[in-house]
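The following pair of complexes shares a single chain, chain A, combined with chain B in the former and chain C in the latter.
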Partner chain A sequence: MSKKDYNWQLKSTLRILKEILFWAAGIWLFIYCWNIISARTIWPFVYDGAEQGSKLLMRMFPPNWPYFIDLLRPIWDTITIATLGTLAAILLSLFVAFLAAENTSPHPLLRQLALLIIVTSRSVSSLIWAIILVIILGPGVLAGIIAISLRSVGFVSKLLYESIEEIDREQVEAVEATGASKFSALIYSVVPQVFPSFVGTAVYRWDINIRESTVVGLVGAGGIGLQLNEAILGLKWPDAIIIFMMILSLVLFSELFSAKIRKTLI
Partner chain B sequence: MLKINNLHKEYPGGDLALQGINLELKKGEIAAVIGPSGAGKSTLIRCINRLVESTAGEIILQNQDINHLNKKELKNARRKMGMIFQEYALVERLTVMENVLSGRLGYLSFWRAWLRKFPQKDINQAYQILDRLGLKDHVYKRSDHLSGGQRQRVGIARALMQNPDLLLVDEPTASLDPKTARQIMRLITEMARERELAALINIHDVLLAREYVSRIIGMKKGKIVFDGSPADLNKDTLTTIYGEEDWNNFKDKDQENLASEGGNDLADREQRKLQLAASTSN
Partner chain C sequence: MLTESSGNYSWQRPHLIKNKNKRAIIYLLAAAYIIFTFISLKIDSQRIILGLSRSQKYFADFLRPDFISRWNSIVDGILESLTMTYVATVFGIIISIPFAFGAAENISPKPIYYLSRAVIVISRSFQEVVIAIFFVVVIGFGPMAGVLTLTFSSIGFLSKLLAEEIEDIDWTQVEAVKATGASWPQLMTYAILPQILPRFIGLSVYRLDINFRASAVIGVVGAGGIGTTLNAAFDRYEFDSASAILIVMIAIVLLGELFSSFIRKKIK
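Coming up: the complex of A and B.
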């Protein structure tokens, strides 16, 4: 046997050099941006931040506890906006997702249309949808529901169509091989396969929508955001802290609730 | 009942999977298709129920040219062809019963399929078949909670629920242990004989095929290179199907294998040889 040494390295010298250059460029960019941001910040205001913050907090005390009763109706509106908005989005995205998934789409043109719907819906935040809808429909809960559902359709459809594309094709083939129609095969073999991820997505989106629907009120689309806006503009800080506490507990509740649903249904 | 004339299949990309297959299967005839991986065995079976579309040639099943059927006629033809898969291809999240009943989906409207409203006589038949296959206690279980052998039996039950004329079986034992593989192979051939079904069984295990089936078809590179009884399989025919290899000990070894039922002694011997080689080189 020859005593030759073999040369093995995970990364070649050139590759290592390239990586060092890449990181150096990244660090330089970070420092450069930091300088710009720093130059445009009025630092005395920031140094003052802790003091201002604590003053703000002081103004919130004592909280205006009885205001709690007045908030029950808006918080109910908020839950309604999130729930109905999510439900509408789910119904719509069932169609959109099956049109968008490569393996279930009936026609490439329909698929492009579905993808366009998804991109449009995802590229506009629900706050902007709400502003537009309040102009069109006037302020109120309905504008909020539609805003939330328009934003959610893209999200739910995207996750759902991706999971449709990942199903085991053979299970579908097997059902089709028995002579079942395309639709029967769809509900008998595609639907059971995507059901868990569908439920997961829907509940997750509802959870997000609870948070978003507290915000759409800021522009007049119903829910607790309206009260928050009023409280802040009117400098009614003892009211504002009650609203913050309500929102926090609502979000906590939705988190627990969705975790529970996910556990029991999947 | 099944006649295949000059069947060709070219996959996009120019892969010639089938190059002029001629084959005839009589009512009640069971044939095993053997051959190396990539010989086109799976493609052949999938061309018959058109899960794969062939490029040329004809497939005549019960005087019907399968390749010229429209969508509706194809569905009707598929109802009479039961298929059994290597990885079982059960809908994993559905119960055993739902999977077995899916063999009747070709006769059911969309709404009934959705609501699982199967006719009483289908349900009765499903119970009978499950009882016959020893699965009566698993009716309500989800099929991903079953063992491999049990799943394959559900796969068989689904195919039998169709009351098929023809069984298309793709590597039914390749994912199973040797004992279960034998049980499954026995079950498939038994059921086919009982019901006088024609069956085409792709199988890698030549010994298993030889034991349970009276006709063997050997494929190589998209062509049929052997068609005869198990007794005709010898050194020369195996060489034409699989290529050069020392086939001399094939017979003796399978008898040893059968005797020990686990069939690991071949691997053991290989390992002993390696250890021996290692010890002498030190």
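Coming up: the complex of A and C.
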């Protein structure tokens, strides 16, 4: 190709070819997966779904407004589960993150152990933790709090240890040069650097946990999920819509609240 | 004795909340809240002691996972979860694109903007399990309910984050391409898409990861996937099988994380 009739292209020919192959593989995989799911679906029920869904919505009206009063305690429990669960997770994650960060970890083996804890906690969702804990501790708010905190430890620790690894070494050295002990160096040089992002993470996790704690009750771990389960099993749809509305407003409130806290603190 | 004279002023760490009285009030309120909630917990210590002594056997079972006796249903459940995850993520991506453009304040007309934002809020507010309950009631047990659930919750997540990305694009680039006389489709492919595509791919891979984790839970309420197998194991108190399922899940999540960090490095 002479320089004269060179045409600018967004992508080279080889890259276009590669992308076509990639897309073909993706579409083939999608059709393959879709066939598996389709084979396991009872299609008449799905065709019927829209009608069933609209019937269900009809049955929710008129909503059972007085039921709202009965829900105040479960809503309070839901907030308690999220708040205490997040607090417990924060306390635990201070240790885990300290062990997991490459620059503060006392021993490589302890670091691997901390990373294992983080991965386990992140992979298993709070509802599954709740199932296990209800078997051990019995139904109630306590099982929910521990389930939420076990799920959150990994999340908070991961973000915290990543921000510990990114700190500015010079500030630590400056504090150490004044003759500070290891512990005071940690308090006066590491903590101030990671604090803002840590608060942001904690508040963000609390916001997620409000959502999570609405469902742990489904398996008996306290909160509004218990009432939701009851309403659905008992086909009490006018109650169910009140529960949905309460969950929606609780989540919106928590989102606004956490956004406000993050703005004032950071 | 320290005096407040400027001669021997001793430095103190700055406090989080500057105003002394405000600080005291906020700390007091927080302490009162925590104490009050602890009192309202109603911890049944006898049940816990009973449960702990009973669960020694469960803990022992957890420590020696049994992959063999339920291997076939584990493989089946994992495959179902993976197919559900993939199909739902693809659907979620396709549907989220128009909502994302609708929810971007800088390019969308007001009525469409509010409609898209309302869909996003509803999709994001409900936990996957709550949505799954609804779909199971409407179309029955099975992976299709799971696919619909994961699709629905992917839409809110992807649209919201993609809309934020569209709101942040650099308009000078769009104007530069416009100045060459580009048509609307050309404007899209050469000015807007290149700016949002890397982030969008990253978000999609991240959502794939989230959907896999969620597919393990929604099975508990009957929406298919490995969660159904896991729930059955818990119901039969087969903690050794449950432990095996959790280990397989953790391994897959780890693999997924490696995959997504690989993809993210590649598009950077």
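Quick note on the criterion: the second predicted complex is superposed on the first by the 245 of 266 C-alpha atoms of A that agree within 3 Å, B and C clash if a C-alpha of one lies under 4 Å from a C-alpha of the other, contacts with A are read in each partner's own complex, and residues count from 1 in each chain.
In this section, a residue touches a chain if its C-beta (ideal position, glycine included) is under 8 Å from a C-beta of that chain, and two chains touch if they have at least 3 such contacts.
No experiment lies behind these values; they were computed from the predicted model shown.
Pick one for A:Leu94: touches chain B only (first), chain C only (second), both, or neither.
In the superposition, A:Leu94 contacts neither chain B nor chain C.
Just checking: does A:Gly140 make contact with chain B only, chain C only, both, or neither of them? Give me first, second, both or neither.
The second partner, chain C, only.
Which partner does A:Tyr188 reach: the first (chain B), the second (chain C), both, or neither?
both
Pick one for A:Glu176: touches chain B only (first), chain C only (second), both, or neither.
first
Between chain C and chain B, which one touches more residues of chain A when both complexes sit on the common chain A?
C
Looking at the overlay, what does A:Phe30 touch: chain B (first), chain C (second), both, or neither?
second
Now for A:Thr120: first (chain B), second (chain C), both, or neither, which partner does it touch?
second
Go through chain A and flag every residue that touches chain B in one model and chain C in the other.
Shared contact residues on chain A (touching chain B in one complex, chain C in the other): 188, 192.
How about chain C: which of its residues touch chain A in the complex?
13, 16, 33-34, 37-38, 40-44, 47-48, 51-52, 54-55, 58, 79-80, 82-84, 86-87, 90, 121-122, 124-127, 129-130, 133-134, 137-140, 142-144, 147, 189-190, 194, 213-214, 216-217, 220-221, 224, 230-231, 234, 237, 246, 249-250, 253-254
So in the complex, which bits of chain A are touching chain C?
10, 26, 29-30, 33-34, 36-37, 40-42, 45-46, 48-49, 52-53, 56, 80, 83-84, 87, 119-120, 122-125, 127-128, 131-132, 135-138, 140-142, 188, 192, 211-212, 214-215, 218-219, 228, 232, 244, 247-248, 251-252, 265
Would you pull the chain A residues touching chain B in the complex into a rising list?
168, 170-171, 173-181, 183-185, 187-189, 192-193, 195-196
Please output the residues of chain B touching chain A within their complex, sorted ascending.
My answer: residues 49, 51, 75-83, 85, 87, 89-94, 98, 102-108, 110, 113-114, 158, 162.
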